[in-house]
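Every chain is named by a letter (A, B, C and D) in the order it is written, and numbering of its residues begins at 1.
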């Protein structure tokens, strides 16, 4: 039987599995904070040297006023002070990001049964990222690469539910409702040495792992690859012929959030099986994703 | 004597007063969380109906693929699933945001003495927002409008240090090192009824209040107006003839972060003098500001 | 009987009335060139001081490298030379522009019967601006404001076919197949003094004028207002309740090109009833409009 | 002796060698038009499949409203008509374009002696592309690849003045003041088969050819490569260690315009040594380049 959370929080619900992360869950998660150290799980937003899916335009940051202008003689009514300002153009899914529930659907229906055609050129009128708002809950770190004793998983390694469970046991944590499960494949390092290989395929969770995680009633899964789930062939997800089964189950059936393209290398240096996880996506009206700087408070 | 934090954390420091928010401060701040309720302090990012300084281009969100395309016959290799993607163009200071320390300077020098001309067209090579990374600490809410019994402060009201102290006493909180002080003027409501008035002037903290806050060694000040500090004349700050004295003292001398254009209306409905404050700015390489979704964990 | 050019150039035609501007028409148009003076009919592309429909984001031009950076110490491997580069974000219809035939439709059908749903988020797969390519032909200048002896036409003046004919007679020109008819209302000047009024309504051609022009088999109409045709109520065209009858007739039925937001003030200073008209739209794949610098070679 | 046009048209001149293209030159150029056929010399503007220098972000075209939205149920106050609108983000030099005279300088001085630091983050306050406005003059086609009997010139072939003269003789044309000289290397075809090779080096004019062309008082040179002049090493021009000597001579000393990344394949199919050349750059205030759809009227 396939999991589904349709109707669980009412027929108008647009927040999905983030509802599992209740205030009580948050209060309990505070005890996971031990050192007070904060680790960012995001890559920098920049034009190059960070993974951007080839089908998306790289982020472009531009200054509209800067120190060079003042060095050239510009001033503000003769004052001795100066200011700098800037602009950003980027794909909402172009770097470390969270998918909104409006990002993916099948059979014409989004999560909770909303029609897919409510996602329009002027934005998702249902299930836009503004419905998530924030996610502050316990994070559980499943460093599968370390657990398996490899720098990174193999190119098309589909992480199984058994592997996740064994990895959690080894880390001394158990998955609970409302958790964000952070899965490290180690794949991020491949980008630095071989960008083409990084996007050709990708290790990630397999379908039975996705099912098991959904059954645990987690709020979100975050990973250091392009699509959380395993990619067995080039552009499988974007334009490819194989349907993204984990996306279909998690986003559309269960309302579970997927966070992609994280950089988990710094987190991996800490011995932290659990922590307070914070996601504060930009409240972009009608967006189907938001760039994100996910934080782990250790 | 003017406060200054130059050299306090070494001559290479680019993080400024965020250094006051130590792991110990964070651990202590956890006790401020009581209900586990999370409140966003951000306005939505959208083209209209939110304050954007007239000198900046409004945020523009655009879909590159959406449900309408699938309704029109597009499909992914015959699969029944569909996906939507999107792009964002915006001013980094165009909505709720945090200024990087590279945003403002005087006499040619940025915070900690870095030359202003290090802020270039290809980004701030010193004091870009990536140096902040994150700010998780105690937030203290000073609802000055409520304290004074008005819907919002008057158009050019300069909040004094005495007012801040009295407001804090009334709220039963005291300012500590590493805090983020959230100051509510009520001015946000003016935008909804009279946008021109909203940007013509603005109530905000005055210089003695800024000095006092800096002396308390706070990490940041956040407010529901365009520039945190009082604006007594149209475009005083951007292109005007009066120097922004609080910006000069706070950003450049003290490395204190300013967060602007917050929406504090939901927070004001709660009776919360203190809370866990989380800022997770986008890690935009070399940016002098970042759009922000600041969170108050009550 | 309503004019229509569907099928006139084959069922696959995507170039519409531009086909009237044959090589023979072009050769004949050369004789309209007398002085060799070239006049641009475009407004500048800039963030302010030029008309941009309120529903569209103003053009934003940003430098990625400039002289200020070099003044600040940047150099290219020690060389004495420097370069500047820049980026542009703009609405394709945000300034002087030409509408592609994919810009407007009714009853689900575009020009020549193509389905409207071929215009998708990834661009117009039919009737995109790349199908126009260019338009070099005779231009005829109908300065209606001058003909009527007013600085500009009244706010909701619908120019009639009779007025166009009389204006042409007075200018000593007659409309021929393949022409671009340039209609001056004088309305551009209103923007400089009262931008709100400029967009509230607009004088422009009425439906009988549109019919007559279509019958003359012209290639395009260009005017110094937001929509070529008269606008009798605020946002009539964009989101309003009154259908744009001239657009429907001209673009969709006849494949006639509309060029909008021109600046005809310099042209009006010359005594030129006819000239060589050149439109070289950007070849933006799938765009439904292009910013344009239309030229009149006098 | 190095050519220079500084002061030739006054100390305030910002239009440079375009001044050679006088009305008289234009009138004479009309006789080059024989068939009335118009050929575009531009590549399409699109995200892929066209050459964009790796250091620049590819053009991104996005719809803000399209047929898919209407297919999904959107309508305009119940009307049967629909409209589509769109946006464009692009590098001004990201596709077929013309460099403004503010694009390049050396020894701190731009063309005509303007200080390089007048090119600022808010645009080139001197020598922006709006000063060119337009260029309508005679075009001369020097198909060097065909003349040498090769599909394209070799990877680092520096075209000499002798080769240009011989090629012109073979084509039966002579270069005159005010001309735009269109030089075909055939290199464009390399992009389709090997994009990396296309940008690694490039054939193009050498310095003696540049000198000779400048002495002929031409207005502009246009070519089907990334920088008009030969590129002998990867990123020589952008960030490389070898100064672009032809750019320095032509743009900065002589005010001669360079048009780059043209697609001359369709033109090459015609037997046209001369034609009427039209460049109508966007009038982007303060831009140092403009995307362009250059036209050859044969």
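Please note the rule applied: contacts are C-beta pairs under 8 Å (C-beta built on N, C-alpha and C of every residue); 3 or more make two chains touch, one makes a residue touch a chain.
All of these numbers come straight from a predicted model, not from anything done at the bench.
Of all residue numbers used at the contact between subunit A and subunit D, over half are used by both chains, marking a mostly same-residue interface. Subunit B and subunit C have Cα centroids lying 43 Å from one another. Chain centres here are Cα averages; for subunit C and subunit D they lie 24 Å apart.
Multi-chain contact residues, meaning those touching two or more other chains, occur in subunit C at positions 57, 60, 62-64, 66-72, 74, 87, 89, 117-118, 120-122.
If you draw each protein chain as a dot and join the dots that touch, every dot ends up joined to every other dot. The part of subunit A that touches subunit D in the complex is made up of residues 47, 57-58, 60, 63-66, 68-69, 71-74, 89, 117-118, 120-122. Against subunit B, in their complex, subunit A makes its touches with residues 22-27, 30, 33, 35-38, 40, 42-46, 56-57, 59, 61-64, 66-68, 70-71, 76-93, 102-108, 115-124, 130, 133-134, 136, 237-241, 243-244, 247-248, 278-289, 291-295, 297.
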